[in-house]
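Pasting a structure below so you can have a look.
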Amino acid sequence: MGIPVKLQVFEGPLDLLLHLIDKNKVNIYDIPIVEITKQYLEYIKEMQRQDLNIMSEFLVMAATLIDIKSKMLLPAEVNEDGEEEDPRQELVEKLLEYKMYKYMAFELKDCQVGAQKVLFKEPSIPKEIEDYKAPIDMNELIGDLTLSKLQTIFKSIIKKQVDKMDPIRSKFGKIEKEEISLEEKMRYIENYLKDHLEFSFRQILEEQCSKIHIIVTFLAILELMKTGKITISQEYTFHDIKIQACIN
Amino acid sequence: MEIKKLEAVIEAILFTMGESVELERLAYAIEQDKETTKKLVYNLIQKYESDNRGLKIIELDGAFQMCTKSDYYEYLIRIAKEPKRHVLTDVLLETLSIIAYKQPITKMEIEKIRGVSSDHAVNKLIEYNLVVELGRLDAPGRPLLFGTTEEFLRSFGVHSLEDLPTLNSEQLEEFKVQAEEEIQLKLDV
Amino acid sequence: MEIKKLEAVIEAILFTMGESVELERLAYAIEQDKETTKKLVYNLIQKYESDNRGLKIIELDGAFQMCTKSDYYEYLIRIAKEPKRHVLTDVLLETLSIIAYKQPITKMEIEKIRGVSSDHAVNKLIEYNLVVELGRLDAPGRPLLFGTTEEFLRSFGVHSLEDLPTLNSEQLEEFKVQAEEEIQLKLDV
């Protein structure tokens, strides 16, 4: 089924799903998960990827749908009461709850239309009355509040703020986006091999400056081995691994 | 003071204040207890209702406010200025309905129901004075709790939260029936 | 439209306009000629007079205005002078603590720390004379800066802002360490 060329804007993944269910005229309690997942994925493929935050929410739902789809292929799980569990159950409940609030929003809108026909009046309080300001009893207002209590409150707010930051990432001081492609790393290893016909795995890892470099280096070595560009050998378990260029 | 006069005082106060006045304040002004004051106000509301008046008194969560009857809006608007109103988009209405029915509610709970982050919507509703923070939840992270305001009641013509259109599981049942009917329709075609 | 209804419209118009409304405009609103309108308004004035109401309609040079009867003035003063109970809610306390320890501070900074717009809280604190505008920040938009008042210092028995117990960077470090430990704990579980 084709997706309309001009993309409708949806508020979120649930909104989009409800639209698809509606459009396909299927029962919300019996969602044809394969078809709906297919349409859902087609839709998000067309989505503009400008707003990563929004996109990620749609992607999470895509993952959920695919997960349900795969579970539907397996024999149904049985719960404590011996009933078969429908993998769609949780999603259906979420959709129904969301749909209910959407419906209530509609009802509220109706209330609003009626209420808007009512007019109020500006206060016309005589000036001398308006100018009168009731004194504020500071003792009553402050009550048993003390400076140290106020400070405790402040500390807990600041602590919450610190909690919000990712302590692991913020430890690096500056967050630099690092992109290392596998291709680049493979080229690097091939060049390395030109200078050293044989080198140790440990040696090349020591030259890597970050965790991500180490990981990609490891992947690059596996890839080069698979394509037959290098061979590796190890004398015994935990001994250093030797890497050699393949001489064809 | 006789009842007639007390009612007249209440009428004068509500007219002058323009805004909503809490029952306590009315009681204090007329030097009566809250019970008596409440009876007097309800009586007055009744009179306004039956007397073919152009005005009415509405109750907003234990406070009272005088306003015009909606029947005469068409005439009023010919010379009265149309009050400024915020246009609520579907997103805002949806978020507002979740807050109205589930208050006090955290932002995270709202987001769980909507499936999308709702920062912007919640902040807009706060800006429009329809939603207000109520305090913090006593749970890890102490998240903020949100609820609706008196302005919300006024804008939607309900006098208390209990007065909101009912939200019940029957509604869900109806969805179910609708869905089944749709299926049936499809099968019949 | 029947007479009763026309009177109701006039009542609603005079109420919502607040100020005086010329006969012509009233006539225009209810779609009647001036003579008829005048009769209707006089009729209404008569009713207000005899009905022991708290309101009256006065004529001012061919215009009409609704206002309270002067007999009730003392009650209006009473309601204005009614002592109010002021309380520092959690929301206010939080906002006050941020302003106290981070002053001078803009509203935006407060909102950044609290994670929610804090207009209402700041205004309330100003009303309670605990917080005051200090001037404007020399930055784009020239936002207002807020700080605590002398009243605040007096109430808490501190002589100057320097006497406020400070939250130093060591403490901040400590929070960070605590937060990290919590994360670590979570990872270990």
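Letters A, B and C mark the chains as written, and numbering starts fresh at 1 in each.
Everything below uses one rule, namely that a contact is a pair of C-beta atoms (placed from the backbone, for glycine too) under 8 Å apart; a residue touches a chain by one contact, two chains touch by 3 or more.
In this text the structure is predicted, and so the values were computed from the model without any measurement.
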{"item": "Most distant chain from subunit A, judged by the mean position of its C-alpha atoms", "value": "C"}
{"item": "Chain whose Cα mean lies nearest the overall Cα mean", "value": "B"}
{"item": "Gap in Å, rounded to a whole number, between the CA centres of subunit B and subunit A", "value": "35"}
{"item": "Mean-CA-position distance for subunit C and subunit B (Å)", "value": "18"}
{"item": "Where subunit A and subunit C are represented by their mean Cα positions, the distance between them in whole Å", "value": "40"}
{"item": "Sequence positions of subunit B contacting 2 or more other chains", "value": "15-18, 66, 68-69, 76, 80"}
{"item": "Junction residues of subunit A - those touching two or more other chains", "value": "119-122, 124-126, 163"}
{"item": "Complex interface listing, subunit B residues touching subunit A", "value": "15-19, 58, 65-70, 73, 76, 80, 83, 85, 88, 90-91, 93-94, 96-98, 100-101, 113-117, 141-142, 154-158, 164-165, 167, 171-172, 175-176, 179-180, 182-183, 185-186"}
{"item": "Subunit A to subunit C touching residues, read off their complex", "value": "119-122, 124-126, 129-130, 132, 134, 136-143, 145-148, 150-151, 153-155, 157-159, 161-163, 165, 167-168, 171"}
{"item": "Residue ranges of subunit C in contact with subunit B within the complex", "value": "4-5, 7-13, 15-18, 21, 25-26, 28-31, 52-55, 66, 68-69, 72, 75-76, 78-79, 82, 89-91, 114-117, 120"}
{"item": "Of subunit A, residues touching subunit B in the complex", "value": "11-15, 25-30, 53-54, 57, 61, 94, 96-109, 111-112, 114-126, 156, 160, 163"}
